[in-house]
Amino acid sequence: MQQITASIASVRELGSAYFFIEACCPHIAKHARPGHFINVRCGSVLLRRPLAIFSVDGSSIGIFFKAQGKGTSWLAQRRAGEEIDILGPLGKGLFDENNAKRVILVAGGVGLAPLYFYLKYNFHSGAKKILFYGARNANTIFFQNELIDMTDECFFVTEDGSLGEKGLVNEELRRYFLTYSPQDGDLIMTCGPNAMIKEIISFAESENIPCQVSLESYMGCGCGVCLSCVIPAENPEQAGESYFRLCTEGPVVDSKKIDKQKFFNMV
Amino acid sequence: MQQITASIASVRELGSAYFFIEACCPHIAKHARPGHFINVRCGSVLLRRPLAIFSVDGSSIGIFFKAQGKGTSWLAQRRAGEEIDILGPLGKGLFDENNAKRVILVAGGVGLAPLYFYLKYNFHSGAKKILFYGARNANTIFFQNELIDMTDECFFVTEDGSLGEKGLVNEELRRYFLTYSPQDGDLIMTCGPNAMIKEIISFAESENIPCQVSLESYMGCGCGVCLSCVIPAENPEQAGESYFRLCTEGPVVDSKKIDKQKFFNMV
Amino acid sequence: MHFSDDPRLRVDKGKLRLKNPVISASGTFGYGIEMQDIAHPEYYGAIALKGITVKPRAGNPPPRIVEVSGGIINSVGLQNDGIYRFVEEKVMPLKRYRTAIIANINGTTADDYFFITDKLNENASVDYIEINVSCPNVKEGGVAFGKNPKAVAHIVKGVRAKTNIPLMLKLTPQVTDIGEIIRAAQDNGIDIISLINTYPAIAIDINTRKPLLGNIRGGFSGPPVKPMAINLVWEARSATDLPIIGMGGISSWQDAVEFLLAGADAIAVGTWHFVEPDIAAKINEGLCNYMDKEQFSTLAEISGYTWRQYNE
Amino acid sequence: MHFSDDPRLRVDKGKLRLKNPVISASGTFGYGIEMQDIAHPEYYGAIALKGITVKPRAGNPPPRIVEVSGGIINSVGLQNDGIYRFVEEKVMPLKRYRTAIIANINGTTADDYFFITDKLNENASVDYIEINVSCPNVKEGGVAFGKNPKAVAHIVKGVRAKTNIPLMLKLTPQVTDIGEIIRAAQDNGIDIISLINTYPAIAIDINTRKPLLGNIRGGFSGPPVKPMAINLVWEARSATDLPIIGMGGISSWQDAVEFLLAGADAIAVGTWHFVEPDIAAKINEGLCNYMDKEQFSTLAEISGYTWRQYNE
């Protein structure tokens, strides 16, 4: 973990308020693994904003984000050559394909970020990779060529059908498995809006497919000291473990670790 | 009084952190008189910052200021075409030459602003105008040609002697009057740092020369509602009048109105 | 029709009856007419005038205001001309506008409050009396009364005995239990609760090593106090059914809605007048749009909405 | 030599003896070692560990933190593994660093405090015990104790009877008279006063009309609370000669100096850890430079400097 004033190498406006920024931070770039995130100071906003690492290129890392509120909007207005204050790499629970034979990745919106990194990082791994990437419409499905290149099968899903299948990404996933039933060695990795995650988890658990999910929560420190970012834990050993810290035990966790009922009530 | 989102016509960096900005605000420009000020919203700074009106040109007004802290630094970074939120014209006590025959103006640093406006506004008035303009060095004496044009006599005074006389402007004033003694119909107008003002007032009062002084104080509203900007009053009629509001009874006041002892202790 | 006159914005709870819920907080809007070019008195449901005392008061030595931590600290110290000149010079000029007038009354003794009330009652020229027992900027009385439930009970009772003009009590946030103060006032006939006044605060210049305010200590207000004020409004709502005027850090119609949801029946704007003098009009407009969007037809439905979800 | 070890920064007043005046505020720096890559434990004069209770506690439902008005509201609610696992798992790993260790202890009953103290006393592994009677995020005990001088007296007395470990009392700002609480603690053997904890606060989302925190109410901290905290340090200094640890909104060495001038003998940083994890090192460096510039040779000369100008 390092705090660094990183110089911005490039800023790309991808359209529809989505941005891609590359920043030079050799230490973070060197240690980054899929699932890791950084915590970025965003102008006069107080708390740092957590963003997944999307890619690593030499001594730079890339982030892919949507300008939502004050913090990410400030970030979106940066220019190449300016500096940003970054803390990273953060997170201990990471995407880990282990001995999976077939990895099914399900991304919703900017939830693509850590999964994209997974695909790039594990390009040469033995597992078969199938991506389901959902977004509102064709304008918000990014990096299409790269994604097709990095996967064995790649499905784009849009709510309005303007690209790929029409509908929600979780419906598409379900449909896929109706045709090609689950196999031994399947592993689902997912990141996206909570409504989507909820569906993916229920599906995975009902089909007994292991499921790694990258979650979000409000974070204070990003480093495990404030206990703000917690997620309800399934079967805690004692009261002090009823919640786990997403920043240090996640952001990627096995879906089994989450007390689903509490978590989905909460979000 | 009007609150207006004024478009910035021009920004000139004068050097040494001094700036001149022109902004389009027809109503204010129309009603502005020497001594009037505006209250400007400066980015994320909470309170508006008071600045004297320096000049009027058609439907624009000019301000002349030094980037001191957060507010004025923000202002200094504006660019032509951007907008600023202005309240003005503010102030009721103004520079008023009445029937003075000879007006002696004493300016220190940015204290030049309202006096410059006075000179411009009263260019055709009958009074003789003598300006003493002091600053740290030659780099911080601005508008020299215009000032020479607008005055009958014009003395520049710098602390390091790099332009005009060397020393403090109040010493120069005293020296002048040693040679050309006070006359009936003399009137002093002054604006500048408190240390200077103190000297000017004592001199004027000891020589029985009427003295109009433009003061500064911390302001909340600039419009008379908060009672923050007060100055100790000489001979108040009752306790409620021990202090007067600088924003509505000033910023220009007759030196006789000020409880000098209290005021100079305070600043 | 101006938004400020939209009938949906009417406040009508107990003794609090206003054409709209936006009030100017005492001490931040002078005597209501100074800024009429840009902030017309009729934008307001009511105008709370600068605090008055029996005798004229000089107020505190300047500097009286300083900007820190996103807010301001003020130590005006109740500079005013006293009750004798108040009605004629301050109230009368405002009478011709369609807005309610609130006299904010202060004392260094309980008798001061009673005396001022008598005077105000004689000519019945104000619509509400706001008993200020929360000024942090005076040496005697002020917040010392507001921190003591017995003193509050005594003052409210005495003032109540002197007048039928609806009474508000202006509370300090710097207390252990705001409910205790409210109950003491309610038991003695208060009609309306108004909160919060400023928080005692100090700022020191590390170079001169002197306090930035002439009076050392002042009262903190502006946006930073909002989350604490919302909490106190919530607590006040839990302590009483009386109408509540919520304030502290309001700078937008969204803030106003937040106070209403927490339990306020009306709101007041203080510090933000210095930033956006036309804030009252903007809040009324924002409230009307919010009511359209969220399909509220009366302000009363918004007032306490969130509080009720957890307390009924 | 690192600035944090500069001998001029030593604090040596009563029972408070630290190598430098910068402390990590409880709950904002975990158990001291999590961030050591960027914020080394040895930058600190002392580290206050996350609050502990007798039994493990789940803490409050998320969301537990929200950013509002330039500060944050948290409602962590003392999630911890309980005293039994504390010494072995939390204190021991920190022992090998040159910094003092403060255990922040909490209870829903007075006996809880006594029990924890017994355990801590047995193995004498911590340097200070901070009695937290000011947590706004627990239903029982917590701030309810800290608002009541009798409860404070009782708890301090009982804890004192159990140990010679120097005792700190962590105070809530939400009281009528902080002096009263301090005197109650001092009369019963407290060694050091530590203030402020967070202000009770609420934020409501006007679209969902729900509170932003899972627990409705939380504690407000960060830069906005500074001027109020400075005032309370000033008041604490006026009430006692005991060493004072000042905190609330510190985000720079300048803020630290301001607290010292107002009367603090040491300071703690909380929220700002989340923004600048290396803040402790920066404060120590800034303090050294300030001492050079202003020609102070000991920290004690700065502590209370401004307060003394008006009180001696």
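Here are a few things to note about the model shown:
The chains carry the letters A, B, C and D, assigned in the order they are written, with residues numbered from 1 in each.
Quick note on the criterion: contacts are C-beta pairs under 8 Å (C-beta built on N, C-alpha and C of every residue); 3 or more make two chains touch, one makes a residue touch a chain.
Quantities reported herein were computed from a predicted structural model and do not represent experimental measurements.
In whole angstrom, the spacing between the mean C-alpha positions of chain A and chain B is 58.
We define each chain's centre as the mean of its Cα atoms; on that basis chain A and chain C are separated by 48 Å. Annotation: 36 Å between the Cα-based centres of chain B and chain C. Counting partners per residue, chain D has 70-71, 223 as the residues that reach two or more other chains. Chain contact topology: the protein chains form an open path, each linked only to its neighbours in the line. Those chain pairs judged to touch are A-D, B-C, C-D. In the complex of the two chains, the chain B residues touching chain C come out as 1-3, 41, 45-48, 87, 217-232, 236, 238-243, 248, 262, 266.
On the side of chain D, the complex with chain C involves touching residues 68-71, 73, 147, 174-177, 199-204, 206, 209-211, 216-217, 220, 223-228, 230-231, 234, 249, 254, 257-258, 261-262, 290, 305-306, 309-310.
Chain D contributes residues 27-30, 34-35, 37-38, 50, 55-59, 61-67, 70-72, 74, 76, 79-82, 85, 214, 222-223, 271, 273-275, 277-278 to its touches with chain A in the complex.
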